[in-house]
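Below: a set of structures, written as structure tokens.
Next come two complexes, and both contain chain A; in the first it sits with chain B, in the second with chain C.
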Partner chain A sequence: MTSPAIAARTPARRFHFLFNRAWQALWVLPLPAWLLLFFAVPLGLLVAISFWSVANYRLTPDATLSAWRYVLGLDFLWASFWRSYGLAMASAVAVSLLAFPASYAMAFVAAPRQRLILLGLAIAPFFTSYLVRIYSWQVFLAEGGVISSIVQALGGKGESLLNTYFALFLGHATLALPVVLILQTIALANVDRTGISAAANLGARPGAILLRVILPAARPGLTLGLLFAFLLSYAEFVSAAYLGGGAFQTLPILVTDLVRAGQQWPRAAVVSLLMIASLLATAFVTVLWAYREKG
Partner chain B sequence: MPPHLKHAMPKAFWIAGLAVVFLLLYAPILSAVLFSFSADRFPSLNMSGFSTQWYAQVLTDRAMLEALWNSLTVAGITALIATTLGFAAAYADYRFRFFGQKAVLALALLPPTVPLVILGLAMLAFFSRIGIAGTLTAVVAAHVVIAAPFAMAVCRLRLAQLDETLETAAQNLGAQPSSALIRIVLPHTLPAILAAFLITFAVSFDEYVIAWFTGGLNQTIPVAVLNTLQGQVDPTIHVIGTLSFSVTLTLVLIALAVVLSQSGGAMSKEET
Partner chain C sequence: MTHNIITTRRRLIKGGLAAAAAVAAPAVLRAQGRRDLSMLTWAGHADPEVIGAFEEMHNVRIRAKEYVGGDQMLAQIAQSPTGTYDVILSDAEYVVQLQQAGFIEPLVPEDYPFDDFFPEFQNFRGHWFDDRPYAVFLRFGFLGLSHNRAAMSEAEARSYRGMWDSRHEGRIGHFDWHLPNLGALSLLNGNLSPFDLDEQHWTELSDTLMSLRPQVRGFYDYGGMLSALRSGEVAAIPGIGDWITGVLARDGADVTTTIPEEGGLQWTESLSIGGGSRNQDLARTFIQYMLSPEGQVKTATLKAYPAMIPTRSGWDRLNEELPGEARRQNMVLNGPNALDEIRAGRIRLRELPVQQSLETWNDAWTRYKNA
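This part shows the complex of A and B:
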């Protein structure tokens, strides 16, 4: 026979337990539920579509590898792939190098309060219309535009800079610089100051301190900056279309063309998945390298 | 910085690097503002004069005003939902230990790493199957996916500064979970919630790839700009740019001011 005290307490405890669980679920579940429905399911559907077929411009659920075979056998796909990948890597390296002096200035030259304000000003453009900024670069780079006018005034030829690698790089830099700046600055600002002081006290020269103390300590953040610049450039298609003049056929452009031109959803899905796979592989290798133990 | 540390290069080198980067970041914005007031159709340094004609043209263009209304509606609803979901997830991560916590966190941080072209494509495929493709509802559903991680990150950072024992202590003293939340957690997190709202609004207001894929005939401002870009030189882009820069820069700078005033407070607390 159960004692009356326990009998009275058990339902109350049960209620309390269930109430706590429900309360917890109320907070835990909404975001994952939204992301599962509107993010994971669509991406899953894209994977499924890559095995579907198209007959008379109609997409039909199927289990065929024909889109995979077709796309992976295209020479120009691989040309686009390596062009996209190479351009994104080169942009990421160039943006990282360009950002480094600025990040160093924010981390080590500016006072803490100034650093916060500068970081704020550096990140703000990231949230403003990228398209309009790209259009502005067209105005700068075109023949008779801002840069060519200045060059002509100085006695130069002043040719159009559009449809060049430089134009494409400017587009990628416009997109990635704020993110790279913020990651690099945080990485540099968090470098252990006592290590720097110790090296200085031991007589290390400023150049050696930068190369052998600061850079290795900031490596994870600097590498993450590089990775994000790569991710952003690899996925971006407006620069390639409007600054590169369409001369650079990249994967994102290929994806949109495949869907718009011939309803080739399965092929577009294959190209998309190839892009995601290469992004994930690159991210994985980069993160491993960034956090690799020294030695 | 330790005062005795010498930089590897003169200070001027680093500051010049900073100046170059800021020039690259702000030159296109300033150029858009300048040329939005140009009297000429073609933007060039030899401007014949200042004029507000392009503003008049944009502000009387019904399609553009409709796009603006679409953008404001989508961004407003997106910001509301994304901030609510982001705060809930941040609070759950801060407050509870639950099964699959790391997986949830990873899932929440994943959307910004997937190329928007691919997300747009996948979402269009999905939305057309559930029958909402081409509606503003679809754009909101998609924008929440890419905006919520920002909201979660901002709220989570703020919650990290809150002493975890405070809320437990309040509950031990008999406070209901909800009243501890309302009296302790919410007031502490309010600046971050506000910042998250402004940032997610800005994210949605400027997003064009997904809106272009999923919005159908319902254009938002950036989609209208994208469509204009595909055509001829159009000076009204500078006007639209200037107006949208003003909206997003103001939102982001207010968000930053809120965050900065908080961290400033935290810094002065550390000093005393």
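This part shows the complex of A and C:
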């Protein structure tokens, strides 16, 4: 006994069915094409280059492990790695904590129209160059700059704040804060208000409502904000160079040093692959944590 | 009447167009015959005030590709088709590598005014191979200890050792390139050939370098050094010179470069004709122009970074036209001048490492930054 639906399919209907499928596939096609062109192919190239060699300052296709051996044999590689990773993680946590009160206010206090205006203001910095924003921090942080002048006027020493971890954090926050603010606000604004009302009706205090209702409900979005802040800070070169003065050897600084020293692109590729691997691992663990105990 | 007006207007337009064509014709014809000269160079050498007169005189347009650092320069040439660059301006220590890789053409000595050069620069090391020059010395400067006078006095800067003083903790900056920094500290260690070190002296140099790390504020590029020295963010930067402090002093900053008693280094920039250049005649004419008194004064007073010049006629013209700048750069004709420093043996050439690979020096520098 055959299925009546299949039996009923005429060639014309079959053509119509295939045409519809092809039409749908055409709509979906840009995404895999994009991923292939701008992620898989460059990643493949990066892997390939890590096995190439450099002869007379020229990149030469090869199949050698010398770049891997060199980079993994560097006695300061793991110090750079953990400094980079730790700085990015600390910045991500600090930026997330810094953004949270504002996001909370936008989600729960501001009216929808006000929220839109505030979110618009949050993304306004993206209309200016990141490099310019970093340079402008120098005016504030340098010796004789705005902050040190104020501190001196108040009787303090007013030393330069450039080339410090604080300066580096400011650079990371300049880049990541708007993104985190938007992601947190969206996550908090989408928390089901009935759960909050129910908890309040049952006599829960505001602190308990925040910890036991709002934060668990918004956890995926909040974690996503944390993850994005980490991703942006981990790969960040400009503030490490211009606010940190290159004194904190992070992995992006190491990549540029390796390229500058004899155009060693294969070695730079190895460091980049290490960064990508650690990013993917961190993203995987973070997303798992964000969605645990969820259906 | 209307017809007359239209006729008059048409005549006016026609006449105007004809006049404009007549006026523009020489420029158009001139533009059609204009040649291009490509140049690979450090920044600032293709500024209009430097090359404008030459371009006008020879109906040439110079297309400059700028680089930052010798390695980048070599990579740029290696990755370009032969003949891409007609003129190459490089640091002297890289000329040997350019010659060995076949990236530059041999020059005809008679084409250039070597007799006009001060004796120290006539047969310059690393520029001549089998009695033929491959590069011509264009400009030079001294590297010592550049300092903000308010933070470090000239008396203190008379020794590189001053950088270890506790008052300068976290106040020493570095130009982010191993060669001049390690060279300066090698002079401090008493190495008469600061780049030719055996294993023991190399180890000692690495130790000296590492001991300076607690004093270090940061590692800067060109712009970073300018702002850090001007503001006093850093008290001193070793291994740089008037190419930074001269720019700042011109703007009134209280900074200077002192050549310590342990000695200083000399940087040198040279001009070559690119391998396979199809405009070798024009490239030769350009190099001749840059070695003429006019070209020499222009390169000595380059806005991006000033430098001293190697020709007598260049010194004459500079003293005649800009005596203040001649004095500032220590190129005076009557009295002690920069040449005395070289003749007294206080200045050593900046070179590539002799007994270690460039990679070894670079690794030591990266390790130092990471410490």
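In this section, the second predicted complex is superposed on the first by the 249 of 295 C-alpha atoms of A that agree within 3 Å, B and C clash if a C-alpha of one lies under 4 Å from a C-alpha of the other, contacts with A are read in each partner's own complex, and residues count from 1 in each chain.
Throughout what follows, a contact is a pair of C-beta atoms (placed from the backbone, for glycine too) under 8 Å apart; a residue touches a chain by one contact, two chains touch by 3 or more.
Small disclaimer: the values here were computed from a predicted structure and weren't measured.
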Quick one: is A:Gly144 in contact with chain B, with chain C, with both, or with neither? Answer first, second, both or neither. both
Between chain B (first) and chain C (second), which does A:Tyr242 come into contact with in this model arrangement: first, second, both, or neither? both
Answer with first, second, both or neither: which of chain B and chain C does A:Asn56 touch in the superposed model? second
Considering only touches as defined above, state whether A:Tyr104 meets chain B (first), chain C (second), both or neither. first
By the touch definition at the top of the document, which applies to A:Gln263: first (chain B), second (chain C), both, or neither? second
Given the touch rule stated above, what does A:Arg193 touch, chain B (first), chain C (second), both, or neither? first
Winner by number of chain A residues touched, once chain B and chain C are compared: B
Residue by residue on chain A, keep only those touching chain B in one complex and chain C in the other, then list them. 144-145, 242
Which of the residues in chain A come into contact with chain B in the complex? 20, 23-24, 26-28, 30-32, 34-36, 38-43, 45-46, 49, 98-102, 104-106, 108-109, 112-113, 116-118, 120-125, 127-137, 139-140, 144-146, 149-150, 170, 173-174, 177-178, 181, 193, 196-197, 200, 206-207, 209-211, 231, 234-235, 237-238, 242, 252, 255-256, 259, 265, 268-269, 272, 275-276, 279, 283
Which stretch or stretches of chain B touch chain A in the complex? 1-2, 4-8, 11, 13-18, 20-22, 24-29, 31-32, 35, 42-46, 81, 84-86, 88-89, 91-92, 95-96, 98, 104, 107-108, 110-111, 113-119, 121-123, 125-127, 129, 141-142, 144-145, 148, 152, 177-178, 199, 202-203, 206, 208, 222, 225-226, 229, 237-238, 240-241, 244-245, 248-249, 251-253, 256, 260, 263-264, 267
Show which residues of chain A lie in contact with chain C when the two form their complex. 56-59, 74-76, 79-80, 138, 142-145, 160, 162-163, 241-242, 244-247, 249, 253-254, 257, 260-263
Contacting residues of chain C [partner chain A, same complex]: 69, 71-72, 74-75, 77-79, 101, 173, 176, 216-221, 224, 227-228, 231-233, 358-359, 362-363, 366-367, 369-371
